[in-house]
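Structures given as structure tokens follow.
Each of the next two complexes has chain A plus one more chain, namely chain B in the first and chain C in the second.
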Partner chain A sequence: MGDSAYSFSLTTFSRTGKLLQIEYALNAVANGRTALGICAQDGVVIATDKKLPSVLVDPEHVQKIEKITPKAGFCYAGVGPDYRVLVKRSRKSSQSYLSEYGEVQPVHQLVTDTASTMQEYTQRGGVRPFGISLLVAGLDSDGKPALFQVDPSGSYFGWNATAIGKNYVSAKNFLEKRWTEDMELEDAIHTALLTLREGFEGEMTAHNIELGIVKKDGEFQVLQPSQIQDYLDEAN
Partner chain B sequence: MSVMTYNGAAIIAMAGKDCVGIAADRRLGVQLTTIATDFPKIFQMQPKLFVGLAGLGTDVQTLKNLLEFRMNLYKLKEERDMSPKVLSHMLGKILYSKRFGPYFVEPIVAGLDESNKPFLSTMDLIGATSEEKDFVVSGTCTGNMFGMCESLYKPNMEAEELFETLAQALLSSVDRDAVSGWGGIVHIITKEGVLTKELKGRQD
Partner chain C sequence: MTAGSQMNANNLHEPAAGFDFSNYLRNQNLLQTDGAAPKLKAKKTGTTIVGTVYAGGVVLGADTRATNDTEVAERNCEKIHYIAPNMYCCGAGTAADTENTTALISRQLELLRMDTARPSRLVTAVTLLKRMLFRYQGHVSAALVLGGCDLQGPHIYQIYPHGSTAKLPYTSMGSGSLAAMAVLESSWQENMTEDMAVQLVQRAIGAGIFNDLGSGSNCDICIIKTDGTVDYRRNAVKPNELAPLRAQVQRSGRLNMRPGLTPIIKSEFKPHPVVAAGGETAMEVE
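Here is the complex of A and B:
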């Protein structure tokens, strides 16, 4: 990667001062399936639409929400294969941190590290930006829950609640009305499901969505379909 | 001629009740010649975190600078202090990274963690770390220091008594070692702050 004859950057400035490759990458993100996250007082939840192109696709082998450290996980909207590369890289990098300092990497450090990689791919020779926006849910060094978004440009934002991908505008409006500062994780999960359902095409079941949570003092976990079903039943 | 005894050093750290103490001699020699009697071997890395470095003088100074470099970057990035455990772990990794051309230092880490609990650790020159609850020693007269500590130490000493014990253990140990001594320095760290005292011992 990068040791070809392309020692010049493929992402170059336009006359108006834009990096068009990044804009186009953001378009790829906006076409991706919706992902959203909500940060509560005692934890964070991230959720995504896992709608598969055909009933013949086995949903067991599609995983969109991934654990990166015991205290943080990723979700994305955009180009799946690009996501897998980032997940692999971020996992390795956070293991190096653990090896170096004997402590789990705090979510903020994970975010800046990942964002740094994504920025690199907008400047290094011979590569293109990642076609994904990430949602990172995790616990910081003081144990407080946090939700971050990382864009193809390498910009990152801390959010109380946000959505990316298709329908992100209406999803964010929905979230804006429902997020409160004293929200608890259980409420947040409930709200996340409602928000996801708003823009869902067809019927939302425990098998065509994914949910990931991290509780304060807990570990990041991707919920099993049976656990999701319990929440869906409550919501109905 | 051993590279670890070329300059001479004696460092002891002890844990007390909600406090730690760390003490070192002050001599820098070139084999049998004494060059300085105020050579620092204990460094305050943070308000309640001290590192003692025993061994070859140049490596003591270089490693101290390297540690400071790493700590400063960590503090800027993470916006928090480095805990003693993390510093100890990192130091072990730094030493091992030079496994086949090591720093000739055997460090001691002493401090209070975030909940003001005492932390003590020591490691060999290639990073084999051991965390202890009572005392740790390093230098050219570890035999003497172990003997003194084992006899004089008792758990849960208050700051005043810890100081006396540390000082006596150090002074008696260095007196039977040709290359360490020429004065001593003791730091006692409590949650209120740090008390530092200089020791006047046999000037030989």
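Here is the complex of A and C:
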């Protein structure tokens, strides 16, 4: 009995004041492949484990890090199809922002917009929450780099460095020891790769991870495997 | 909320399929009232716009005068609009229509580029533009010359306000199009070099600037090359500079008096008394 009796409907609080569907969504996230991000003083890097279930899967068609605006990108942990829906929606809404205000949507507005969509799915009838946590890397309107996490409940957090998905606890401990305030983007990329490798099952190559960066005055870009290989070679 | 639209899941109005004629009766009524209602005069661009293909890409050209009937509303406006990193569009007709139409299609193409992870193609832009313009049955007064380079090579398209399009090696639109076309028809050749193409476009726009009242001021040029680089030359040619003409006007010396010409006989300084909110003078100064 207890809490689980209230877990059937999203829009019903349990006696202890929890929305169990959201808790369960967070479980789905914790089952997802690790994703992490580090905010340096001159840019942000997000990275994820792209380990594919079988050698037969064509990695070219799997993309986890996606550009949303010229200055921001997403990465996720959790249920892939839910991510696709959010990516499409956020892209469209940032074009609306561009149309209305004549400027690229700053990362903070993008985060609150996306978080607000995710919250909507915890209160409307007939839907379930998104089974993903997002990492948003981007620049805000004065060019300052920022990293955010958005959860299935719709709450969002700004981070200096964080990790989500499997092994996020040990990854976060690792990052806590390594993050410094005067870190530069190149160091951050290096640290991100080291952190990813900590919890990686098997050998980490340029083809089974993804890296996305945005530099202070630049555009968000997903790195090519050849670029990742250069960083991996440096790290060895 | 018009009768022919519905709300979708995102609370945005979507047009119902087909045409929406709900304003037709209202428009008929307006025209029949006594002393028929004056039609809104939109700011038009007059305009000469030109586009041509050459050996290494395309060259687009435009004049820079915007008119409101016979008045020049803007002497140096920009008529070459960004559509995509590899595509630009010259616009003639109503200024607001050309700007907003090109901006809308530019945003749609950006979404498509992110979804498909591929550079945009000219045919996509042309199709999006013509479908939208046809839907508005010519009421969106945008006559466009779209040019750019994609994986299939360099292309120039002309798009009319009612939604018809043509793919051509060179073209001109706007009120100065005849003057420009006269130049193009006499001098255009296949496989021109970049310099030849730029010279040709400048002469064609120049013909519009000097022979058409709706076009004038300067010439803007945009070169889009097959290797993906873009050379946007704002005010590439300025044959109508005003500064030398203004300098020739003899004005009375008395309009330009330097400080210090008037001798000061006596000076006295009295600060204004500060009155507090209650109405009483808070500070009296001797």
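One rule holds in what follows: the second predicted complex is superposed on the first by the 225 of 236 C-alpha atoms of A that agree within 3 Å, B and C clash if a C-alpha of one lies under 4 Å from a C-alpha of the other, contacts with A are read in each partner's own complex, and residues count from 1 in each chain.
To be clear about the criterion, a contact is a pair of C-beta atoms (placed from the backbone, for glycine too) under 8 Å apart; a residue touches a chain by one contact, two chains touch by 3 or more.
Nothing here was measured: the structure is a model prediction, and the numbers come from that model.
In the superposition on chain A, A:K67 contacts chain C only, with no contact to chain B. With both structures placed on the common chain, the touch criterion links A:S99 to chain B and to chain C. By the touch criterion stated above, A:Q109 is placed in contact with chain B alone, chain C being left untouched. In the superposed model, A:R91 makes contact with chain C only, not with chain B. Once both structures are placed on chain A, chain A residues 99 are touched by chain B and, in the other complex, by chain C.
Those residues of chain A that touch chain B in the shared complex are 99-103, 106, 108-109, 112, 141-142.
Residues 74, 77-78, 80, 83, 85-86, 89-90, 93 of chain B are the ones touching chain A in the complex. Chain C makes touch with chain A in their complex at residues 10, 103-104, 107-108, 110-111, 114-115, 117. By the touch criterion stated above, chain A contacts chain C in their complex at residues 63, 66-68, 88-89, 91-92, 95, 98-99.
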